[in-house]
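Paired with chain B in one complex and with chain C in the other, chain A is shared by the two complexes that follow.
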Partner chain A sequence: MRLRKITEPVFERLIKICGYSSGFIVLLIVIFLFKEGISFFNLSPVDEGSTLWVHNSNPVKELDAAQIKDIFDQKIDNWKAIGGNDQPIELFTLDELGEAFTAEQLGPKFEYLPKCIDSYMDSLPGAIGFFPEKQTVGLLKSAKEVEVDKVSFSTFISDTEWFPTSRPAARMGIMPLLLGTLLVSFFAILFALPLGLAASIYLAEIADDRVRKILKPIIELLAGIPSVVYGFFGLVVIVPFVQNTFNLPVGETALAGSIVLAIMALPTIITVSEDALRTTPRAMKEASLALGASQWQTIRKVIVPYAASGITAAAILGIGRAIGETMAALMVTGNSAIMPHSLLQPVRTIPATIAAELGEAPFGGLHFKALFALGCILFIITLIINLLVERVSAKRR
Partner chain B sequence: MSNKIETIDVNLHYGDFHALKDISLGIPENSVTALIGPSGCGKSTYLRLFNRMNDLIPETRITGKVLLDGENIYKIKATKIDALRRNVGMVFQKPNPFPKSIFENVAYGLRVNGITDKSFIEGQVEKTLHQAALWDEVKDKLKKSAFELSGGQQQRLCIARALAIEPSIILMDEPASALDPISTGKIEDLIFELKSEFTIVIVTHNMQQAGRVSDYTGFFYLGSLIEFGKTRKIFTNPSKQETENYISGRFG
Partner chain C sequence: MTFPESNDRRKKIGQAVMFGVSKGISYGIVALLFLILFFIIKQGIGVISWEFLTAMPTDGMTKGGIYPAIIGTLYLVGGSMLFAFPVGVMAGIYVNEYAVSGPMKRFINMMTNNLAGVPSIIFGLFGMALFVNQMGFGASILAGSLTLGLLALPIVIRTTEESLKSVDDTFRQASYALGGSKLYTIRKVVLPIALPNILTGLILAVGRVSGETAPILFTVAAYFLPRLPNSIMDQCMALPYHLYVISTSGTQIEASRPIAYGTAFVLVAIVLIVNILAALLRNYFGKKVKMN
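Here is the complex of A and B:
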């Protein structure tokens, strides 16, 4: 009795501390994610410590990341295309410098480098140069620095190219990743929902107790299998299947991703909607049957409508599972960050992108921060999904 | 008067539990038959024999004969069970309208039985809502959810719903037990109205109610039918001691 008086408040306090600290940790993670993610915006897409130069006579003052990439990919080869004079564009980087000047001219410690750059730029009015800041800033007379548009939220969202490591300027448009994620998830749910609904109706209404007692734990077990195992299964079974069926050069496609994610979302959909179907009161079923409705009519007209909000919640949870899934998506979707046009081409999802690229992105750099911003987007999407689930199930009560 | 329903030596087991014991009984046509007895004595189980509702409960075994218009309903094909249930309407203990509109609740039985004629359905809905003495209260809100009605209204809606498919038998399992006295009175009046057209079997644990509404009464005790006869006779001059004890309120 005395002991209880002492231990109970202690436990109460411990539980309180656990509650507060876990909430605090979640909050910290979110703050950290958004702090890193938001600091990505208003950075320059050009490598830190480097600058772009054009000839003094060139009227072009400002370029954006897309234009810079096209120039250095030689897709744009005349200044006229981007508002300059009718003049071919000459690319000029340290490589060209090495060819144009000898080692003596550059000096043993590259101390004449700025002078060489200057004279080279001077001789080529159509040149665009890309050099380290400390060899150039304040040292060139023939050239002027080009202003580069900062990374903005609107280009981040709407740009259709994802080349985070391209130089001189990275292109970070998440459109292909976002669409890839949505495409794969949408079709995953399109495949999984009818199947899952059918299975849950079977379990809740048709299967007899013995069958249910075997099937239910198996389905619940499926939810616990690590995603890398699903990915492996997808790689060995689904990918070759897709490749052979559609006669494709590669089987790693959005379709393969959708199928694997559908299989992964099934257990969630089945268990959640089965629970919902079971909430239909027996009185409701009996009322229907007593009016001469068949079992199928009763399922269709009474049981499923009664469980509709639960089934919706199941579907949304399934979508959430598919959108956030990383490993399996990484393994079977082919991971090419291009705008998806069909199910039969490789795509890349947001979580797969983060997982694949975070390791090689320099810590704290532009690419690193871009991945955090991507994480924020994913967080917002899943947050919306969770809120939807909340709303739908609140309606049920 | 001929018997609409007849059971001969019916036994029912829920798994190991012997719930109905050798019940033989004839229920006369176009009359009200009350089944009374202490709770757990098998009244509902017996009632649910007539529309094969017990079939839904796993591990139920039934022996003996249940004749409806002379046909053993436990020998019919599985595909004919729906037709049987169309002929045997049921009103449950707690009002159990569907989460649909008032109109759709009543129309449900017609729709699931393949009737699509809109004006027929509308006519039938109006007619049975009148029969259930509910029309005046709901005629302006047929599109509203059935859940907006009071408990007593819901139960009358369930009666209208059962009437809409024009059964010849109506089973009622303690239809007023969840209702207030005024609603109960309305339901009892309704039963009185309906008996010219239907054969009604009503389970009740309310003795006064059985006395008021029924022509015949059967007294069940521990799964057996103890006594059956004209209600007046059962209530004034029962032939079995158990019946008398129960009626006089000495147990139950």
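Here is the complex of A and C:
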């Protein structure tokens, strides 16, 4: 008895701590995700230590990641296009030094490297040079360093290109990924909602109890199948189906993703909206039937409107599931991070991007942090969705 | 009111059509599930053999078995439950038995809902940041198990809470009347009655965890590791990641298709077994408790 007096409070304290565990974990997730994610901003889009140089006479002082990529992709070939003098842009990287100078001129330990670069840059007023390490280059007399715009939240959100590993400057705009995610999820719900609603009406109002008791667990089993199995099924069945039906070069498209995610969202939609339909008070149903309405009219005019907010919650939850789904989206959407124009082209979703790229991103680097920032965006989206669901269902009560 | 009869007939036909449509859609969805299951079982069953289940993968994962992936998944499921089960059950007890209704309880419920709604890839990112890097576990069974445990936590909390809620209050009052303390009542009266339902939840959580891929991508999963893990600080292979790898990457996707079907079959079999087990348990104990 006395022992219990000591152990009981200890246990009760332990129970209380565990009770707060989910709140604590959500907090930890926020801290760790955002710590890495926020440190992404204000980094330079070029590799650490690397620098860009232009000729002293060049009036261009600042460049952003998009301009740098266009310059090195040779899409911009005249300084005039970015506010400089009217002269062609000459690309100059360390690799070209080997051609321009002999080994003797560079010196046995490359000790004359800065001198060589200097004289080379001097001879080309339109040159832009990209040198990996400041130390190897030293300070140039003929050239000046160009400032590179830091990664900002607004370019992260609005830029339409996602080339996280391109050099000299990475372009990290989440627009194509965000739109890809929304496109796939939107159509997944467009397919799943009418089907799910019809099934939930059947289960809640039409089927007799015996049938319902058999169908319900079977439909719930759909939720138990692992997403990687759905992805695999999509890969070997739905992708070829889409490819053959629409005569496409590849079947891994937004449409294939939408179909697979629609199947995966079905059990959520059915369970939640069936529960909502069941809450309709018996008196309302019977009043409608007593006025001469048929059973279907009662469903359409009384039960569904009464459950509207629950059905909305089901749809929102379904969208949330689709947006956050990783493996199936990764396996069937084709993974091409370009702005989506149609359902029949490959796209890439946010979670798929994280899953595909994090393994290859150097730890703690720009790309690594960009993926955490992407995770923050995804987390915020799902948080908003959860709060929306909470609000919509709170209204009912 | 002018043409009650025709109106009536239209009503009846409309109803028959709509009932037919919704019935058709419902059975269509069931048929879809059976199609998926049937497809994977049909393609996979020929691959399954004792050797497939107990041999190491060979020839660039196009031949041999999936033994290390099965063992790895067992380790991960066991490890995650070791964390999620006690913490989740105690959290469920707190929410249902101790917490007083009010803003704090609402907050806890909201957080549990939020945790349940967090996408699995976020758990992967978080597990990598906290367990792999911050705590220095590296990519290991320990880090992977903890990550999966966090993912399973809201499931265990929810089912525990629901199970406790269904225990009639008269049981508690009877125990209090006999002088039982709160904790004693929970331990000796409430938990034993709720246990079958809690176990059902545990089984479903096992099913969920065994198929998760995204949380283990960066915390534990090894692309190819044809040996068993030596300790919990070791990496390991896992069934869902193995299926992902051999069906999407590598140079011999076609050659490894049979292995992929076999792996998918094993995953589906786990899900089916787990669900049937849960249903049986619920049925069996459901009757027993009612008799008391």
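Criterion: the second predicted complex is superposed on the first by the 379 of 397 C-alpha atoms of A that agree within 3 Å, B and C clash if a C-alpha of one lies under 4 Å from a C-alpha of the other, contacts with A are read in each partner's own complex, and residues count from 1 in each chain.
The rule is simple: a residue touches a chain if its C-beta (ideal position, glycine included) is under 8 Å from a C-beta of that chain, and two chains touch if they have at least 3 such contacts.
Given the structure is predicted, the values throughout are model-derived calculations rather than measurements.
Undergrad: Superposed on chain A, are chain B and chain C clashing or fitting side by side?
TA: Fit: chain B and chain C sit side by side once superposed on chain A.
Undergrad: Spot which of chain B and chain C makes contact with more residues of chain A, would you?
TA: On the superposition, C touches more of the residues of chain A.
Undergrad: Taking the superposition on A as described, I'd like to know which of chain B and chain C A:T279 touches: first, second, both or neither.
TA: Touch status of A:T279: no partner.
Undergrad: State whether A:D208 touches chain B only (first), chain C only (second), both chains, or neither.
TA: A:D208 sits against chain B, while chain C stays out of touch.
Undergrad: Using the superposition on chain A described above, determine whether A:S57 touches chain B (first), chain C (second), both, or neither.
TA: Touch status of A:S57: no partner.
Undergrad: Is A:L378 contacted by the first partner chain B, the second partner chain C, both or neither?
TA: It touches chain C, and chain B stays clear.
Undergrad: Once chain A of both complexes is superposed, is A:L28 in touch with chain B (first), chain C (second), both, or neither?
TA: So A:L28 only meets chain C here.
Undergrad: After the fit on chain A, how big is the angle at chain A between chain B and chain C, using C-alpha centres and going to the nearest 10 degrees?
TA: For this superposition the angle at chain A equals 60 degrees.
Undergrad: Quick check for you: in the superposed arrangement, does A:Q297 touch first (chain B), second (chain C), both or neither?
TA: Once the two structures are laid over each other on A, A:Q297 reaches both partners.
Undergrad: Enter the shortest inter-chain Cα distance between chain B and chain C once the structures share a common frame, rounded to whole Å.
TA: It is 6 Å, taken between the nearest C-alpha atoms.
Undergrad: Mind sorting out which residues of chain A both chain B and chain C touch, each in its own complex?
TA: Of chain A, residues 294, 297 contact chain B in one complex and chain C in the other.
Undergrad: How about chain B: which of its residues touch chain A in the complex?
TA: Chain B reaches chain A through residues 51, 53, 56, 58, 82-83, 85-86, 88-90, 92, 94, 96-100, 108-109, 111-113, 158, 161-162, 165.
Undergrad: For the complex, which residues does chain C have touching chain A?
TA: Residues in contact with chain A: 11-12, 14-15, 18-19, 21-23, 25-26, 28-30, 32-33, 36, 39-40, 86-88, 90-91, 93-95, 98-99, 107-108, 110-115, 117-122, 124-126, 128-130, 133-134, 150, 153-154, 157, 181-184, 204, 207-208, 210-214, 217-218, 240-241, 243-244, 247-248, 257, 260, 264, 267-268, 271-272, 274-275, 279.
Undergrad: In the complex formed with chain B, which residues of chain A make contact?
TA: For chain A paired with chain B, touching residues are 208-209, 281, 283-294, 297, 301-302, 305-306.
Undergrad: Which bits of chain A are touching chain C when the two form their complex?
TA: These residues of chain A touch chain C: 4, 8, 11-12, 14-16, 18-23, 25-26, 28-29, 32-33, 35-36, 195, 198-199, 201-203, 206-207, 215, 217-219, 221-222, 224-233, 235-237, 263, 266, 270, 294-297, 317, 320, 323-327, 330-331, 351, 354-355, 358-359, 363, 371-372, 375, 378-379, 382-383, 385-386, 390.
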